[in-house]
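Multiple structures follow.
One chain, chain A, appears in both complexes that follow, with chain B as partner in the first and chain C in the second.
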Partner chain A sequence: MISKVAMWTIGSFLLLFLAFPLLVLINVSFTELNYLSFPGEGFTLKWYQKVFEDASYIDSFLYSFKLSGVATICAILIGIPASYALARNNFKGKGFVMNLISSPLLLPQIFLGLALLQFFYYFTNSPQSFLALVVAHIIITLPYVVRTCVNSFIGISPYIEEAGRDLGAGQWKTFFFVTLPLMKSSIVAATLFSFAVSWINVEVTIFLTSADQMALPVKMFNYVQYSIDPMIAAVSAITIYIAFILILIIDMLVGIENIASK
Partner chain B sequence: MSKKTVLLLLAPSVLILLGFFVLPLIVVLNNSIMDETGSITFHHYLQYFKDSHYLSITWKSIKISLLATFITLLIGYFIAYFTTRYIKSKKLKRVAYIVIISPLFTSAVVRSFGWMVILGNNGFINNTLLALGIISEPIKLLYTETGIIIGLVYILAPFMILSITTVLENIDSRLEEAASDLGLGPFQTFLKVTLPLTVPGILAGSVMVFSLAISAYVTPAMLSGGKVQLIATVIYEQMMQVFNYQFGSAVAFAVLIFSFLIIGLNHYLLRSDWVEEGRR
Partner chain C sequence: MSVVQSIEENILKETDDKSCIIEFNGVTKKYGQATAVDNISLSIREGEFISLLGPSGCGKTTTLRMIGGFELPSQGSIKIDDKEAGNLPPNHRPVNTVFQNYALFPHLSIYENIAFGLKQKKIPKSQIKSETDEMIEVMGLQQHREKYPRQLSGGQQQRVALARALVNKPRVLLLDEPLGALDLKLRKKMQFELKKLHEQFEITFIYVTHDQEEALIMSDRIAVMNQGRIEQIDTPQQIYSNPNTLFVADFIGETNLIDVDSLQGLNKDILLKEFPQLINSEKKLVIRPEHFKITTKNRVQQNGICLEAKIKNVHFVGSKKLVVLESESQEMVVNISDEEHIGHLSEDVSLSVKKDLVRIL
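Coming up: the complex of A and B.
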């Protein structure tokens, strides 16, 4: 009995440890003080107001949003066909392709960042461009898309597709009208997951972001190195809200424990 | 599906990875062993390994990463065990999973920033300890190695938890029941049955956490305020401030080879008998 109480106390304490820094930031983003101190005092929305009045932050938000959106759409468009081919066929070199696609997960991100920086430096005249960032983000999100979609394709019985073809639909028609609709929730989950991975990335992005157009996490990183104030806490809090919304939607669609135990 | 269709479906993904992932890596390797005139040299590697300043940075990075990995393992194992074995209600389990995963959906900048607020001289920990009268002067946490380790543990904990949770969820619960039927107490059951069965998860999680820790740049930079230099900060400086691409590449490659050695060691251990023994 005592051990059970001890387990629950330590367990809840450690889970709180995981949530604590995020809760701290949300708390201090509402503070009436002009400096960062936890717990904050009073309740005000002035820091949020300040964020929304600051054009450079709005710019960064939009830029990051555009970047993650474009990269995610590309990753989904090239990832789904690849997942389908990998889930339905056995062919020579399948292991190689699987390893190739998942290897960006193994490689330290700082390494990918500096590799792409040099690569674009040698082959184009502007290494730090939107295009370079999109390419980098496709590479870091593709493994997540393919992993989620391969598992989901494997879960769909090939007999259902066979039935579609027996009833006269061609291969493509079967794919678009039978298989894809069954994949709907997995695809949405993969999209959101991939968006999140891209949206929060700093390590790769920092190498490829130019000084005049900064992605949000990079802008925040540069900012907190010089000054920390409740306004940047408000910016952080906004990104935390977005994270929670994404997680809740994914949880509703495929169940968070499915993402967790993979 | 015909061979041609398979090829067509895979082509975009494979091409983009070959072009923008494999090729850039070759460029880095090439740069790291080139001198200004374009001939092959190991000068940049030697420059790194002969310099005592860089060597001490390397040891410090390895020490910090190992410590962070070890603490992450203890905390992560506890959370994973608690979540899978003690939380019975489905709803609570879901909440626990959301808590575990939500840090992964916020950027390292935001999470490290949270710790800056907690660890600073006027931060939560110091204020609380001062108010309680435990300390008379703020203890230095932020901008020290301790601060970096706390930050790394926090940032990397979800990876460890998830990798151990996966293994714990897949252990046949009848094994643990059998052990207790045969007279083992709960603690002994854990030591003799559960723990050996989770070794693959422990190894996989530790390798992942270690290689993420040694290459982490953002967290050390923020929590040390640039006061503590680590390998990753050296690489970043060389690339973005000194613009010495050759040297930066060489250091990065050395780190990469080091982490691949560890990943290889892990694969070797996972295949070896004593883990097989545990799985049976």
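Coming up: the complex of A and C.
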């Protein structure tokens, strides 16, 4: 009984500790003051209004959404077959390939950004393009997809796939009707991770973003260098709302416990 | 020739006439340097229940997987139904497998699991439904139709695995230690059910097991395997009473393997007199524990061989007693019925056995 109470107390504190910064942000986004200060005073939607009236912010939202969406889809399309190959085969240099894919997790991302800037400058002369950004974001999201999916593929018994083939389904059919459905929650988790990682990335993106089309986090980063007002809190708060809605939708579709338990 | 023997030979002749469904010709399977299956030739007859029996690592599962198409032979040929199976993938073979841990599809309901094979064929939906439903009824799975595999017990999952394979009407059903995960009682029940299914479906069953009792109970023929080779293929009776090799004798049932060189004195003299071929030979005497009789020392038995031994231990194992004896450094085990009393005997006893029950391998 006592241990249960203790668990609940510790759990609640942890939750509060994790959620508190977000609550601060949301609180500040409604403040009537003209500077960032917690707790905020009064209640106004004027900062949200300012965001929606600023076309460049809406552009950045859409641009980031497009960037993260395309990068995530590509990372999933590349990452799932790659994970399957890594999970089912043993070959020389497998560890090396795994480490290579994971390397963006270990390196400071600012190096990666600089390296990619030079790379694209050398080969295309126009490093600050959407294509360059997509490639960069695939590189930084791929480790999340591969790390999640390799382990899940390993967790699926090869006998289950053999059973599919034994019962008359060819290799492709077995993959699509037996293996992939079993991977559902891992793929959803990988998609979520990739999208989030891509959405919030500043370090790599900043090198490859052009001045006229800025991804949202870069735009925010630029903005706070010159002016700090609660509008930036409103922008951040909008991102939090979107994330929250996304999680609710996913929970309805597959159940968040399913993903968490993987 | 005894009556039993002549009946058995008749059975053999009869089954020889049946056509052969699977034929192995000099099949070898290597994994790198290791040889899993070593030059096996084997023909399996249409409709028989054959067991591949052997200790783990003897190549029995590899043999089964080569029939299923999951492994390809490194050398030699496998014919299924007179056609070279060669590199045919599993989905193009007229065989189905019941996997060791059932390998049911966890994301599909019992109905969908069983219908999976039929859905891969181009047959009308109504036929898929009627055939699946019929199979569900045959296997007594009606109440579990809409459940998922994890909601079923081991025995029920086993039945789903069988139904999922049998619904495709394969020519051959491959079973890879299907009862290994079940408890003893359920295993006995399923052995009986499998035998019934075999009679009902009239197809060939190839059954891989390391459990000799299971193989003896269910099979028409048993192929005893060891180190990638087949040591003997025969009816269960023949395997038990006429083992060809020392390995088969030792692996099937309990056996006393007596090394004459380890004996001394009177016992050695008696044995060498009876079996002069043992002189300067590596061969051993093979005597089943139930063929020994324990008597008071020095009582002479007619047309039998008498050995002297000391009783070391008596174990009670349900329906019988297991007596452990020692003669010099040679340990021997004798089974006697539960009712037989040996309490009146002193420690030193005589062991007697009929000469024609002793094998030399």
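Worth pointing out:
One rule holds in what follows: the second predicted complex is superposed on the first by the 220 of 262 C-alpha atoms of A that agree within 3 Å, B and C clash if a C-alpha of one lies under 4 Å from a C-alpha of the other, contacts with A are read in each partner's own complex, and residues count from 1 in each chain.
As a working rule, contacts are C-beta pairs under 8 Å (C-beta built on N, C-alpha and C of every residue); 3 or more make two chains touch, one makes a residue touch a chain.
Not measured: the values here are computed from a predicted model.
Once the two complexes are laid over each other on the shared chain, residue contacts for A:Ala233 go to chain B alone; chain C is not touched. In the superposition on chain A, contact is made by A:Arg165 with chain C only, not with chain B. Of the two partners chain B and chain C, more residues of chain A are touched by B.
In the superposed model, A:Ile10 lies in contact with chain B only, and not with chain C.
When both complexes are overlaid on chain A, the residue A:Ile78 reaches chain B alone and has no touch with chain C. By the document's definition of touching, of the two partners only chain C reaches A:Val178; chain B does not. Of the two partner chains placed around the shared chain by superposition, neither chain B nor chain C is touched by A:Ile154.
In the superposition on chain A, A:Leu62 makes contact with neither chain B nor chain C. Look at A:Pro21: by the touch rule set out above, it reaches chain B but stays clear of chain C.
Overlap of the chain B and chain C contact sets on chain A: residues 171. Remark: chain C residues 68-70, 89-91, 95-97, 99-101, 103-107, 116-117, 120-121, 164-165, 168 touch chain A in the complex. For chain A in complex with chain B, the touching residues are 3-4, 7-8, 10-11, 14-15, 17-22, 24-25, 28, 35-39, 77-79, 81-82, 84-86, 88-89, 91, 97, 100-101, 103-104, 106-112, 114-119, 121-122, 135-136, 138-139, 142, 146, 171, 196, 199-203, 206-207, 217, 220-221, 224-225, 228, 232-233, 236, 239-240, 243-244, 246-248, 251, 256-257, 259-262.
The part of chain A that touches chain C in the complex is made up of residues 157, 159-160, 162-171, 173, 178, 181-182, 184. On chain B, the positions that touch chain A within their shared complex are 1, 3, 5-6, 8-10, 12-14, 16-18, 20-25, 27-28, 31, 75, 78-79, 82-83, 86-87, 93-94, 96-111, 113-118, 120, 122-124, 127, 154, 157-158, 162, 165-166, 169, 186, 211-212, 214-218, 221-222, 225-226, 232, 235-236, 239-240, 245, 248-249, 252, 255-256, 259, 263.
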